[in-house]
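Input: one structure, supplied below.
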Amino acid sequence: MTHSIAIIGASGYTGAELIRIIATHPSFEIKALAANSKAGQSIAQVFPHLRHLDLPKMVTWEEIDFSGIDLCFCALPHKTSQEVIAQLPKSLKIVDLSADFRLRDPAAYQKWYGNPHAALEMQAEAVYGLTEFYRDVIRGARLVAGTGCNAATGQYILRPLISAGVIDLDEIILDLQCGVSGAGRSLKENLLHAELSEGTNAYSVGGVHRHLGEFDQEFSALAGREVKIQFTPHLGPFNRGILATAYVRGEADAVLSTLQAAYADEPFIHVLPKGQTPSTHDVRGSNFCHIGVVADRLPGRTIVVAALDNLFKGSSGQAVQNANLMLGEDEAAGLMLAPCFP
Amino acid sequence: MTHSIAIIGASGYTGAELIRIIATHPSFEIKALAANSKAGQSIAQVFPHLRHLDLPKMVTWEEIDFSGIDLCFCALPHKTSQEVIAQLPKSLKIVDLSADFRLRDPAAYQKWYGNPHAALEMQAEAVYGLTEFYRDVIRGARLVAGTGCNAATGQYILRPLISAGVIDLDEIILDLQCGVSGAGRSLKENLLHAELSEGTNAYSVGGVHRHLGEFDQEFSALAGREVKIQFTPHLGPFNRGILATAYVRGEADAVLSTLQAAYADEPFIHVLPKGQTPSTHDVRGSNFCHIGVVADRLPGRTIVVAALDNLFKGSSGQAVQNANLMLGEDEAAGLMLAPCFP
Amino acid sequence: MTHSIAIIGASGYTGAELIRIIATHPSFEIKALAANSKAGQSIAQVFPHLRHLDLPKMVTWEEIDFSGIDLCFCALPHKTSQEVIAQLPKSLKIVDLSADFRLRDPAAYQKWYGNPHAALEMQAEAVYGLTEFYRDVIRGARLVAGTGCNAATGQYILRPLISAGVIDLDEIILDLQCGVSGAGRSLKENLLHAELSEGTNAYSVGGVHRHLGEFDQEFSALAGREVKIQFTPHLGPFNRGILATAYVRGEADAVLSTLQAAYADEPFIHVLPKGQTPSTHDVRGSNFCHIGVVADRLPGRTIVVAALDNLFKGSSGQAVQNANLMLGEDEAAGLMLAPCFP
Amino acid sequence: MTHSIAIIGASGYTGAELIRIIATHPSFEIKALAANSKAGQSIAQVFPHLRHLDLPKMVTWEEIDFSGIDLCFCALPHKTSQEVIAQLPKSLKIVDLSADFRLRDPAAYQKWYGNPHAALEMQAEAVYGLTEFYRDVIRGARLVAGTGCNAATGQYILRPLISAGVIDLDEIILDLQCGVSGAGRSLKENLLHAELSEGTNAYSVGGVHRHLGEFDQEFSALAGREVKIQFTPHLGPFNRGILATAYVRGEADAVLSTLQAAYADEPFIHVLPKGQTPSTHDVRGSNFCHIGVVADRLPGRTIVVAALDNLFKGSSGQAVQNANLMLGEDEAAGLMLAPCFP
């Protein structure tokens, strides 16, 4: 059965990645593409790499006839997303890729994003979209909020460990390197090739990165008590990929076996043999996440490293995975694309 | 119907790309992977990015039982390839990705590659694998020789123009930039990140690049007279992609309409609107080739630019395209993967 | 003797490069830095890599007291530059890095840059700043117009060959790759790391790049007849460097000996041994230009490749070289910095 | 006064960087260059980017006449270095850039490097070359052992904090990203452009990186008790630069003021204003180290980030800084080259 799909915010990187994935999806068909700043343009004008696809022209989202749409992906910036989604048909299935519906507590939203939420009633309805942990409720959800790319990577490492009680909840450090597509297609000096290539820097240092809102919410809920981690992201001179290095207190063997058990049946999460750690090169352009565990030389301390593609598993691939569930398809449909190396 | 596939030389970049493509091919199944230097290793050991695939272990090519194999890809270095292929079953369908069977004239082979050919009788049997121009004979071929990646790019620009007689045959210059994966996985100083990134250089300057053997053979045959072009490749600090810039004498309108007519029905070759030129970014990770035509300010001179992915359309994708034909499948089966951008 | 220097347009890449060079120049001292959009900021705020230097704060150019300034570098965008320079003291020595005073013919300026020139009387006074060829007149000049970075590279190859009459003037093709800093610090999508890295494309194809105005002017003047070359630039995924590949008709030996003779005494232009061609890696961060000559396999055709750093020899280093002459210093003062490799 | 310099191991990256620095050093003159694998070659053959320099040909180190040499840099691989240095004249001043004389305890050397030390008597004589902390003893030393590049970066952050007692000695985590030139010019698959660019990975995870030997030695000596940190390096897709992110227990204000006091008079170590963190882009190609301090959201925890150029401040620049002291020159002579950005 073919499902009719609309994408709002189709001219950004996550929009392009959605189209790329759906291009070879067995049962999704794109019926509408909206990008208000590019309305009237063809896909070849907006994304020349997708010119081989027979797709509708870009329109404004207001122009879309949603009557024939089975599911809509919203790939808009946060704040804009909630404003648009509030105006969409109430029966429409939506996967939102923005940050707008990730935080269940309106106060937390306002704290991390700086503005009061404009669609509070929908915030309550939204389901957090980290598929492997919210699978059952996603199946029945109308509105799913995609996990942040950094937040997803950290949670793949830490959720099973917190749930299993194998690590100290007060001593978690997550150090992370993110590729530049995570910053989107915005025109900022520090994202220029001349300024980013050939070097790296930390950003949002000291616990001010917005994805901490997700970590706090999810880890505290899991643990049944407040859990606050330390988290430092770095901007790396590569386009796709997140590498997260977690420093935890706990025995490596327990950490490894907990992760192996948690992901034994997962199609996209691969736990590496003991002592091996992953590379972002190995997941680029795919929905896979690789995780490795190493015992530190200091007794009782363990390092866990995870790699995924921020645009794919961290955003658009995760969104399609959730859409598959919402539409009754096989969860992995269209998502087994192999990583692109070299 | 599922076809059983073997790959010899599976541990190089073109081998990896074959596996990546076949991973989502609807009717190919990999039954054997050979890499003599890696025999005994799992795919996860050789290519961690393919660890999600359920594949046989690497063996030596001598260990393969070819009785159940429908088609074998040979992704070995030239010279080795002819020696191995000479020992394979005579009835086995083979797509060779090396340079060993591209040149029909043994003297030309020896001139460009420096050694006498070791499988002359098979050289006569081999079909040149530039699919769009040898489609019919490839369908019935037993041994197909994959076109060189630079040679393919240049031919996509020039073959229709030579055939149509719209350009001066004595004034053809092909200037080309190639990504580093075109040099394979060899350990050479100039391929190190520290030496290649952040700059560029020409190589094989002056008409000594081996792919000129293919250009000479094919263009002269097309024209019915000797045609010798000038060709300068450059090594660029990127992994995938070839950008070829051709300087020809002829009217841009005639050049454009000739290319449009030649590729009107081709699924993978896209001629851009007049005045636009392509980027390798737009074809990375795909089987597509984009071609653009621009009139120079000097009357009667035209510039044609083509972009493709050397590993995909220039090598492994082209090989699968040919294998599809040889096995009676749809030519585009498994090859509609969208380019990976950004 | 120490010379007092002002820089207007100090917040762009060529401004930064001027400061970097002058930081270790034996007799230049920066007395004023102007960048109207950054007025009031310290050098550490605008360019953290220069924070070790004891420099004046950024001001608006109108705030500079020119009475104590010996020479002023203008590193503004074209059009703005002529407007500002028209208002500077008439006795001030100026090296302009923009395109505004390169073309002696006002009609040519208007043709290539699209607007009438706003400082015609100064245009007549300006000296073209390609040091090796205008050295004597630069010494006595008040206003020197820096050569365009692509234009400089092409002229280093072609001027001696045109003067010596060893190549066909109607058959010159210049194919060129330029690093992204050549586009300046402007916020454009195609300059983002995510869009530029990992690939390449041609631009200004067909003879529309503005540096052709310089080529036309200079080559025609040299030859005593109209000379129009073909010129195609490409944007490469690296920050610094231009590699120009010229296809000319002429004997390689004559081409090589002509270039060797022309540059025998030049401190910054190095002609490589016959058959070798340069890499941009070898000149990055320096004032050097390397040139190599190779005979093509087609008789009577020769390929010449040149490499320089667009920001250094192509812009700010050239500017300092000219300033040295204008101020009576050794031409190479402060410019013998070795290239930065790897 | 001009000092005569020899470099053994001149064909690697640190050798090239030594030559680059000395090229504009006011009082060093290179009298001999040794690289046994390249003996007989000119500098232009080994390092084309240094072809403008008038330098002696490469010889074997055995061929050097040390009678006229004031100081010798040894840029050989570890193990080879100790074997060669053991045979050099006993009166020769030596700065060794290898790991061979960094560890004072022979057992520690054997533990971390796997072989017994072959020059034990010289190991006792060697002075640890972290200039800012060993300045006085370096002045009188005959043999100085250059600090490891990662080890230097971590020590610039941590030494003052340990000495001042402002952080918890049992809770130090150092997470680090290093550019690929840190791995030298060795031919390994993971250092190829095709495998390294566009991604990142951790290595030597779990406390097995050899530079931990230096951390253990130095921090324990400073603290007067055993101090063992956690340390995870990552390989980044850039050529030069180390970014170290330290997670410590201590008040940010105390940490910041301690670092400010420690480095107030240092020419090369810059402590950034509170809340700012550095980028490797800002120190590339220079002898500077930038350090920034940020308070974490968790009370009592602080993040300190440091950036330096592994080849320059982390190796060859540090070596020249030490040589300046050993030869009675100004410590900063030849080392004020400004970073190369962009």
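Order of writing sets the labels: A, B, C and D. Residues in every chain begin at 1.
The rule is short, and it goes like this: contacts are C-beta pairs under 8 Å (C-beta built on N, C-alpha and C of every residue); 3 or more make two chains touch, one makes a residue touch a chain.
What you are looking at is a predicted structure, and each value in this text was computed from that prediction instead of being measured.
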Counting C-beta pairs in contact, which comes out ahead: B-D or B-C?
-> B-C
Max Cα-centre separation from chain C goes to chain A
So, what's the distance in Å between the C-alpha centres of chain D and chain C?
-> 36
Taking each chain's centre as the mean position of its Cα atoms, how many Å separate chain B from chain C?
-> 39
Go ahead and note the Å separation of the Cα centroids belonging to chain B and chain D.
-> 45
Sites on chain B at which at least two other chains make contact | 13, 181, 194, 197-198, 237-240, 278-279, 281, 284, 342
Which chain C residues qualify as touching chain A in the complex?
-> 13, 180-181, 185, 187-189, 191-194, 196-198, 237-239
List of chain D residues in touch with chain C within their complex | 13, 16, 19-20, 23-24, 47-53, 181, 197-198, 239-240, 267-268, 270, 278-279, 281-286, 288, 290, 311, 336-342
Please name which positions on chain A make contact with chain D in the complex.
-> 173, 175, 177, 179, 194-195, 197-203, 205-208, 212, 228, 230, 232, 234, 236-241, 243, 245, 247, 275, 277-281, 284, 292, 294-298, 301, 303, 305, 307, 342
